[in-house]
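Structures for review follow.
What follows is chain A paired twice: with chain B in the first complex and chain C in the second.
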Partner chain A sequence: MLPSPAGTTVPSLPGPPPDRWRAGTGEDSPRFLPLARLDVLIAELRRERRVVGPVVEDGALRMAEIERAAELPFGWTVSAEPGSVRLTRRESGAPGAERAFDNATAWSGIKPWTFPPRVDALSLERRDDGSVAVRVEAPTPIPTAVIGARACDLAALAAQDRVLTGGPAIDPDYATRRSDLFIVAVECAFATSVCFCTSMGTGPEVSSGADIVLSEIDGGFVARADSLAGRRLLESLALARAAPAQVRRATGQVAATRASMPSSVQADGLPERLLANLDHPRWEAIAERCLACANCTMVCPTCFCTGIEVGSDLDGRESKATRTWDSCFTAGYAQVAGGGSFRPRQRDRYRQWLTHKFGTWWDQFGTSGCVGCGRCIAWCPVGIDVREELSIIAAPPASEQLVAAPTVVGQSLPILSRSIRAGSVRMDYVTVRVAEVRQETADTSTLVLTTNDAALLSARPGQFVMVAMPAFAIPPISISRIRPDGLELTIRAAGPATSTLARLGPGAELGLRGPLGRAWPIEDAFERDVAIIAGGIGLAPLRGLLDQVLAQADRFRSIRVYLGARTPRDRLFVSEIEELTARGVDVRLTVDRAGPEWLGRVGIITELFRGAKPTGANVTAFVCGPERMMTAVVDRLTDLAVPREHIWLTLERRMECGVGLCGHCQLGKRFVCKDGPVFSVSELGEDLRREGL
Partner chain B sequence: MTLIGQPATTSGGRAVERQRPRVGVVKFASCDGCQLTILDLEDELLALTDRFEFTEFAEATSKRSSGPFDILFVEGSISTPEQAVEIVRLRAVTKTLVTIGACATVGGIQALRTAAEHEAFRSAVYPSPAFVDSLAVASPIASHVPVDFELRGCPIDARQLVELLTSVATGRRAQLPDQAVCLECKRRGYECVVVTRGEPCLGPVTQTGCGAICPGMGRGCYGCFGPREGANVDSLAGWYLDGPSGPRAQVDVGRLFAGFTGASSDFRGITDRLGGRPPLPMRPAMAHPPELVEAAPPTWGPQPAGEAGDAHE
Partner chain C sequence: MERKELATAAATADEIRWVGTDLEPLGERERSLLAPLAATIEYEPGVLILHEGRPTPFLGILAAGRIALRLQVPARGPYVVVTLEPGDIFGWSALVPPHRATSDAVALTPVHALALDAERLRDVLRDDHEVAAQLLPIVLRCVSERLTSSWHQLLDLFGTRGVGPW
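Coming up: the complex of A and B.
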């Protein structure tokens, strides 16, 4: 059984079919591609596609566009160890001297071709009349064939397929590049000391995901088709069947490669062991070595985190948003408006990377994030070896220490890309107009936006939208009211983008993408006592909920509202709140500090519970505010016997995409953007308070 | 952030003359290379001068201004008593002060003297050191006055300068990432010189922004953008001493960190520990033979007090 977190079911991996290379007389039987005809294969591919294969460049193997077989790394071999990779040429006449693929993975892998480091994402324009246009850049399809993909490369593609095309939102650029990729894979005849595909169950045998699979033997290749397109191509080459001895040589060779790799990661039960050790002292020790330089994430073939870079002309009228590779090792990765980072320490960042790759990836995508290619080990400038770290942090129980390499092999995942469907989450922006601006406090305004877009009008309280303006970053903003003809957004000026938004005037236009995320589960409070608890700007995402609760007030046993603000001047929606009080709603208010003219309460928000306790099993609480305020409220509510599954919070994290593709907002196994931002305290468990998560 | 220089607006069909932000470019102890980088912006210069009024920029115009400035770019480190006074005056007449280049941000190559014996340096270099009025340390601008933004590098990256001006003009945050050079190196698909050749490279501990020029040319980064946030210099130095490409002499590793940004505290810590600074004191005889020193006062140097000119930089 494969590693899987408790409570999830993972189908056991199929091993390669024993007749993977069955010799025979059928149409599908393996063919022999003489070395001299490799050029014909490449030429055939090049009729419709660019062809990408491994080449030697600046002392390393990389995937680059090629025109002929001679560009492939014939005769080169690789030695790799932690922090070091050396290419050497085999002496002529030595074994492997005439072979193209008798080396290891190219460091750059296929990723730059399917998921380039920089991609134009949006273009934004503010026209002379003040109107705004936001265009999602459509990828230009460039049919591509990859020759020399390894089993680990295919497993990585399958993993990225799940991330970028498997969810409700799909990455349009990746989907386009991926759906038209033709893959000629090679079974490895050689493993370096950093390879550990056997431990991760991904290779070295190629079992799925390729169009054509080659196994390089002296004088040529045993070749088999693994897709319709692959079969057509092989047939067009009119190759002879491979002799049984050739097939035996091919299978024996990859079996020898497997045997050469010792078991280095005990993958069975790894996610559980890893996630049970979030406070292991080793994290601190790695942080002393780790440079947080992000090389491991850049070379990892499954790492998918991206950020948005915004560039503009000097007038800020035209701008472009570029999606770039980002890394959880950078300081800005987990930073939110206002400057605070959720992972300030180096150990937090390393822990995020390792626990995601080997642990929470299973919860999110039903697979491991690691395919055992070893690139992160070889290309770490200070040679940190994940295998060693895992053996210390997530050591298997003593009785399992001597377990031999798992016998499960082959890629675990069906390839999804051949049938990429349109995602159910819309990725385009709708232009909306600012109808009215209400200044709430010195730094906070409410924008009343009109739109007739059905999706936006179907938003529910607690959801958010991504807000695009030419020249500015694209922040997530929670919806503070849903109107029949539009939305209201209440925005506090925390950074340049939100400051500019908060200063907009009537008539201005914005691009909105959404609604996104999980709404407040209002039905959880039906027939119960509702407590709505907000600190500061946290009232904004609760305002729409309050609207709906009041609109169907008779469905609730009681309604209480608790509000906190820094000072009396920082209170939001003052007249609306006064109106509520006038209508008899129980609203309690406190401020952190106030002058003598303030006749109300001063103190922290939990003190409000003294007079009117949200007590007992019948309370459902909806809470939003600064994270410290929320944890204090949760403590107090728990003391008052409010069940944790009935305490709902909305969390703030950095979001660049809002749909679970950019990676930034992860909190343990969750993407705050798509799994939240609303969570119950029981769903969050200990992660709510875990430092640096 | 205040919006400086609103976009041109039209009123009654006529273009309204807009108030262009006044921009100054000044220098202290430096080589002028950063200023030249600005002049190298051939494609953008016209748009920039259309949008900003360069009122002081000695490398570009003979028109001079002593202020006030909406934006002031300051090149060079503070190396003389006069400069220490002048920077305070400039700060007082400037809204947004931006330091440009390694000299202004961390002291530059001349800050090597900070850890050395100033007097020995002076007498090694100048035949009549008494004429040279210089401070014992060459210090970054931020140790004298508050700095709003810094553009790093030796020289600065011109795209970062345009980005900064654009951000000021539009009111958005400038995208000046504090990540390692490695991210950009890998995004550009350059092979790592440390891993493939064992060549020491400061990229992992250096702030990005240059476009990974040196690794792109197959050589190690020498850290001209200075240490990035959270630079783990101890780990990297240890690896170069004893890792697979080592062992190396301590002094060789210490010298790696003693370049243009060697005065930054992160890098200096390594050099202080491992060595690698120039040997001191330098022998005056090497620089100026005694017979020359004892001859008539040089005619090319600064004149004795009373005829104050620019101090030698």
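Coming up: the complex of A and C.
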């Protein structure tokens, strides 16, 4: 079943987080770190780690590796507005002139250190004997300490943790980098005009996720440990307890920061309000301003979408797949085989970003995708302010006053799909050999692959595999038959990789990752009338199901097969289909166009229902083809009283990773790769035919 | 190809089947008013039943066999737009001005059909509005389905669209 939390509202908790700066005499009481000893802290951290902190670079703050406290942005302050960020040096002697962190978030945040823009993902090699090896690159762990992380940065880290390590698939690179990260956080003494962490319930108080928390006051820092490692480090510095007045100054400071931020987003009920306004005219108005530059997604500390780039040496023997940041604003992001895109318009892409960030993220990860850091507002070259857009598109009911959200860091709702153990999805590639190739049509071939890999052999009809070859992009290919000794893949040439795959000869080797995705629920058709309805290459993912249905034919009340093809020459598996007919299976076939020599049916696939109706509540239909064909089929089946929960479709989307980590294949709250690709029409609801989703 | 009918004969009551055809929704009274107009017709494979651009002589109800509706495309030959199966009506242009066939209709197999004479049918519809009220939606539905089919074929959904990422 799809992830579908019982509710998607922010849990209501009273007020700001409980005071974690309890002054006292116990071992856990806050310490005072004099400014002069900040270098000692950094030196201690550097004994085992590289240290990353904010530095002034190109007129802005960036998180960079540092060696000394002096590299920190002492005396700098920041003003940020929609479309504008300016650093200003405070005059000597002015308030804050001696402070390192009395400014704002660094634009880069922590993300580039835990989730770098480019990482090696795979190395692919074709050896002299033709064999192929695909190796998953293992990152080298580099112990890292971050100093100067803000509450919003920590909330973002927690959000990315849920996405990339929450399972069922785990990003191995992120998990490695994240596993040995030490965090010295700073509570904000200052908020810019784009900050809205109070609205999103993430700050400015640091309530979880740090090892050490600092609050910068004149002359030094009030410091507390929030983890065992943090406590050990503070103890090693042998610091004096902070005086009650110092603790009061620290807590008063962050309270003042909280008070300085006007509530600007009504987070309570926001997902529902936003998703109820997918057709709001404002989307078009934003699209006219938005440049689709992707700046917002690049500076967003939670955006996690990635693509795979494959580079190769000139003879295609050695190649590397690199995982790169991607953005849902790019034109190619939702592109699929054949070059079409599911989000062709700018408004579709903006809507995807905003509704995901503030809405469907809750369904997928049980948390908001926005932490209120305001980077997307400041770094938008045309100054689009999400707070303003949300207030227009998802306006709260007039009676509701904007109130600051309670801090809910670390709180999240249960996600039903999490029943699968985190890390249970295999990320490695298995080498398989092409035993036989059958040319089905001019542009489509079936590769018969042999393997003894138990996981691949346990594949079920409707599932797919990622197919890797040196020097080519890695396409998702549905499994067209499961054999005792391997798999069959039926591939239509629709781009460089699929064209090459469709022309492979026996003996070639490939890397396969999978099986992936949700299979056809064959059991839904037991004791019922089965209708298998396929258009074009859509027959490939249904062929394995047909095999299984026929192998246990007595479990079904009746079996009917309806097939559509472009022309008689584009029919797939012609001899197999003829054999089925000879065996008495009710197979009906139509083509879209034909010459005079064709004596069979011509017309669209739904016309096949006229002579042999899949009618009534007892029908289970399995449908695959172009989405426009499937919606027409769904309409006809609905007219014929087939229940929507018994009509199953498999959707085509851009599946770049296949396991729900790369973001590309989203359809509303769903990841088509892991929640599907097989869905019932009732599960898809309105989303099935919503334009540009 | 010549228009060559094997046989045309006034249909007996036994030969007229309404159930399972597009005309099934007609009421008893309406069926009884139309039955006298019906003739049975049979064609051999390859015979041109209707000729694009020529007057449509009858509204047909296919009883057995398969008919192709096709267009002649100079230098490309005939292009089949849709095929008809038993129960389908054809020759809807018998009811829609200017009463000329919008495509050729060719028997792909031996064809057995019922034909309702065009002029007499139009007379009945003019005289009896209840027959018109029941028959015209059936004919419009047929036209609408042909139109939708043509749109879908125009979309060429199963064709390749261009070069994709893979």
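Annotations
By our rule, the second predicted complex is superposed on the first by the 653 of 693 C-alpha atoms of A that agree within 3 Å, B and C clash if a C-alpha of one lies under 4 Å from a C-alpha of the other, contacts with A are read in each partner's own complex, and residues count from 1 in each chain.
Operating definition for what follows: a residue touches a chain if its C-beta (ideal position, glycine included) is under 8 Å from a C-beta of that chain, and two chains touch if they have at least 3 such contacts.
As the structure is a prediction and not an experimental result, all values here were calculated from the model.
Superimposing the complexes on chain A yields a three-chain arrangement in which chain B and chain C fit side by side. After overlaying the two complexes on the shared chain, residue contacts for A:Thr631 are found with neither chain B nor chain C. Judged by the touch definition given at the top, the superposed model places A:Pro496 against both chain B and chain C. Of the two partner chains placed by superposition, only chain B is touched by A:Gly83; chain C is not.
Shared-chain residue A:Gly332: touches chain B and chain C both. Look at A:Leu314: by the touch rule set out above, it reaches chain B but stays clear of chain C.
Panel annotation: after superposition on the shared chain A, the angle at the CA centre of chain A between chain B and chain C (CA centres) reads 80 degrees, nearest 10. Once the two complexes are laid over each other on the shared chain, residue contacts for A:Ala378 go to chain B alone; chain C is not touched.
Contacts of A:Ala473 after superposition on the shared chain: both chain B and chain C are touched. When the two structures are aligned on the shared chain, A:Arg601 is found in touch with chain C, with no touch to chain B. Nowhere in the superposition do the C-alpha atoms of chain B and chain C come closer than 8 Å.
Overlap of the chain B and chain C interfaces on chain A: residues 332, 473, 495-497. Of all the residues in chain B, the ones that touch chain A in their complex are 1, 7-8, 47-48, 51, 163, 165-167, 169-173, 175, 177-180, 182-183, 186-192, 194-198, 201, 203-205, 218, 229-232, 234-236, 238-239, 243-245. By the touch rule above, chain A contacts chain B in their complex via residues 57-60, 62, 81-87, 107-108, 112, 117-118, 288-295, 298-299, 309-317, 324-325, 327, 330-332, 346, 378-379, 381-383, 471-473, 495-497, 499-500. On the side of chain A, the complex with chain C involves touching residues 332, 335-340, 443, 473-475, 492-498, 535-537, 564-566, 570, 590, 592-596, 598-604, 607, 610-611, 625-626, 628-629, 632, 654.
Across the complex, chain A is touched by residues 66, 68, 70, 77-83, 85-88, 108-109, 145, 148-149, 152-153, 155-166 of chain C.
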